[in-house]
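Below you will find the structure I want to go over with you.
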């Protein structure tokens, strides 16, 4: 395939991310509340502070961060059955919310947080690919705002956050490594990789999947390069959002 | 209590509704998609068309309209457990979604709709009282847009809608009948009534509840008067929203 | 329609209730135990006293009254699936049991009851329309007997009951407002209203539903009149039952 | 222990059954509907005819008989949680309903029944020991009435019943084998045996359990003798009930 | 049928058991861990000691023994759906695990065990008939090893076991009573009886079932004789296994 | 840390795998049935052929491979609650079984398989770290045997397998990248990576997780090198097992 004829369904360049927009204080009750929009993907991320920890962590002087994930039934092209009505969360949902929780915990000093829990909720109102990555990127900002709230009300003296965390999906579309899959690209491709990093350039999670054709070490290296470059833009977007008053 | 000293927590007059805002085409996939904001209450209402009917309705030449309701966990002042994670919908949720479904069906000619189903999803992103009423009022607009979509794509020649439907809560606050309870008023009062009407001024549903002090026939008459007056404003808001292109 | 040609499926006059029979001490274990028969509808109502309150009410010096509702699978014309076997209660069941609980709580002084709970169970053995109303009317008598038991065994000095509560369904059959729908009438009609009142003539709950044709304010007034008149007969029946030794 | 000092809590002789009462046509909808009272134990047994068979039996020209069992929450001395509310049937409930189903199937010629199903529901309204045995004994009569109904309406020419089936519990109370345990006796004893027989004197089910002291072969022989004698009285009671018009 | 022509599908003599093999210390973590093989039936039985008792037994100075049962999905000829994936245990599973628990409790002096619980898990890796009996026979050995472990680590001074317990299935194959049904025999027969005994020759459980032809008292006597003889071999096998170091 | 003082809890060298043993035809019913032992980790992997596909794949001429995963309750150091008894599979279980399914599908030509499904069950009888990797490595052999069975019985002419697939966990223990974590090492480390590859040296899945300290690109490269080297040994072990008759 020549460079001339190959093009992404979205028309973007191989390393071009979709526009990202982060709106803080999106809903009025949560200690941290963010709407993150990544192209057509929109996720409401809230962070709720609770002054208690799970039973298994009691009296250890440490906090905890956990996450839940959901999608509105019509966030998708055809309506998805409501999980609450079906009476259980799908395997996909559980996988994603466990990933979000682990990703955020990687940048929190649990002893500095103290015996309290921050519960993250990521609810997708519109899904156009990359919802788990958008959730992580947005949830970090909500988490940071919840920490700000704890500092402002005197519960914490300084932030227990050890760095930023964000996530980006990369993949191979018609043989070419590209950044930030949208739904159409995701559907037409075999290899999809979610990269969760800290702003220090270290990996928190790396999840590459090839349902179709397996990928080579060269593919992997190219994908990681795209991810590292793209994530710098996401860290900048998080910082810009948090700089606003 | 004298008129001088009595005042609502919200500072509104007894018959004053909260500001209402209806945004159409709020998400991109649903055939009808509306964000309704009633004061601090915000609900995403989508209408999804499916070209099949439930088993019990097959081959009768009639359609069906049904509804589901949910709240984001942090739509509320303190976080509410996610129903999908708990594995079941609460009695309150089921009661509300059954009410929404019945209310909308009252204005649809099922034979004119034909053998198809419209599924309404009402998801509360921020709850400040009156979520079930806001859901009904917003869902009507989403339903109307789904019908517009069916007409535009040639599936229907004319609208099966027989009228508008909207809902308003009224109640007794410190002895005085008032319109459009917000959360604080709802919590401090005993009597709460949800009135669902058509724009022809007829009742579709009437649900009055007195957990505390029972209410008299005079109270009821006053409440119905407030509801009728307030609902006229809601019907106007629906029409205004639907008039926009 | 002329008065001559119109007649109810049951042959009753528009304001004529079905025969009502209340049998106390129907089963031997419950503190209050009543069989209520309203025409062909039969409900066993028991009241069970428990010397503890739900967690959220602990140490407030107040009691609680709650209710559960069920139907035997063959209480109905065709067998209904057993909810215990299906693994969940239907939305209808939850709606009804919430209504029963709220209705009874409206006549109980929770502080006078003290830190204990009374659990009401209403189980329909034969359903011929109006099961939720019969449940409320019968449950009040079971509740009164449980209170009698608490007084007799010295747990209470005086009754925490503030009045009687009963319920009646009214509706519009072929354009004519009638009292006490049975199953056939319910099925052939559009508007159905459940009225829960105290013997002081005040409303506890008012639930009017029009799945078909919406109803006018005039209809409503006529229905309320029928309900008020009919409920007087139910209160008398409750008093007569409770007067027996 | 001498004969003089030993006595059953109930005061009955060792081989004395409790009074048994069988009321047919107890509820109005079911094809067979029986209230069986065995001392303080009361069970409503209904038989519902359905003109279809389970999927695994389709097109084999055979019918099926199945059973479900339940208890009203306050059928017992202290209230038992409602299984429908808990969202599952207990192991005990499942064990009992499987036993009832097997017992009844033992006396039905499934080919003679034809491709239809009879569903038995046994619902205990008052439990004073021996509810599973009373359920089987009563369910047989309900089943016979459902068969009568099928013959009367022309669906069957002759009865597919091959005999009667009934059940009796026997056990060892303070070292002495006795018939027809009531609740108090059941609770104070270690060995409990449920014997299900046909009127031809053959065993359908035999379930002996010793949670405390194991029992000897001599005990077993004595228990079986008591069961055989007692069951003759139950078969007579079934025949007497079915002889009435 | 003459002795010459009758033969079991397995070719065994009427009173001939399948080969039995008991392997102790089968897995490395459990306090007692046994693989029992009875012909083609293989069950892993583990006994887990927990230093606490269920809530209802607290502070009574007594212990408890309970059991759970499961089958790997492909333990059977055609794959059985995984119960964990279906979200509930079948009635059969619950019936079996309750039986195993009762059987083991019959030989344990709960006061001598002290306030601790032993949890038995019986997981069938290959099923060729008689899995519940093999589970009981194997679980006794696992239980004995857990008791050995408690004695060795000083938690107990002497064994709370009052005797051995084992189980054998017997049944009627083509009119002839035989011992130790395998899957093929079980499927071709009507009467199946599980006999649980102690090594003192007393009955703990007796469960005889005739889905097809009911069985006579003579049949029962013959089956019990076969069971008693066969169980002596099982007790010997248990003792031999426990004698090994 | 010097090479002299650093050592793995297991005493193994950094790149040393645990002994691996693969036993084919482990249970008698499944079309493919393997016991894989990787050090102290033991998993029974079965492959069951079903001559039908899921509904969403019907009439497309393609097959499907899916997987389920479970652990015996006492496969672990302290007993884990049985998922079937709890009524749901944990998020971890679902994550693992989805991973196993995707991994196997990567080496199957679904069109060559034809309209049939192969269901893989991986049940852990003893868990000592790396159960998901052992499951994949063992499941491939079971899958290959199921394919052999399909070829032998004439259902397939040639194998739809496109290559071998196996999995290995690698991680960073006290700063040093090591291969094949056992339970103790897993618990003491922050970074854990599961690498699923084909024998052609391509990646199928890559799942790296850092709950504690994030890992650098250098760490990643070292881990991938260890994985590639170790996986060659696993592919050899699979081939050796499949070469036996």
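Each chain carries a letter (A, B, C, D, E and F) given by its place in the written order, and its residues are counted from 1.
Methods note: contacts are C-beta pairs under 8 Å (C-beta built on N, C-alpha and C of every residue); 3 or more make two chains touch, one makes a residue touch a chain.
All of these numbers come straight from a predicted model, not from anything done at the bench.
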Going by the contact rule set out at the top, which chains touch both chain D and chain E? none
Other chains in touch with both chain A and chain E: F
Quick check on the interfaces: D-E is repeated by which of A-F, E-F or A-B, going by over half of contact pairs matching? A-F
Copy-to-copy rotation (chain C on chain F, CA atoms, range 0 to 180, rounded to a multiple of 5 degrees) logged as 180
Identity of the chain that, by mean CA position, is farthest from chain D: A
Would you kindly tell me how far, in whole Å, the mean C-alpha position of chain C lies from that of chain B? 28
Counting in whole Å, what is the centre-to-centre distance of chain C and chain D, each centre being its mean C-alpha position? 33
When centres are defined as mean Cα positions, the distance from chain B to chain E in whole Å is 59
Taking each chain's centre as its mean C-alpha position, how far apart are chain D and chain F in Å? 51
Residues of chain B that contact two or more other chains, please. 87-88
Touch graph across the chains, line, ring, star, complete or other? ring
Which order do the chains take around the ring when read from chain A towards chain F? A, F, E, D, C, B
The residues of chain B that touch chain C in their complex are 88, 91-92, 94-95, 97-98, 102, 105-106, 193, 197-198, 200-212, 214-217, 219-220, 224
Parts of chain C lying in touch with chain D, wherever the complex brings them together: 27-30, 33, 40, 42, 44, 46, 48, 50, 68, 70, 72-79, 82-85, 87-89, 93, 119, 121, 123, 125-126
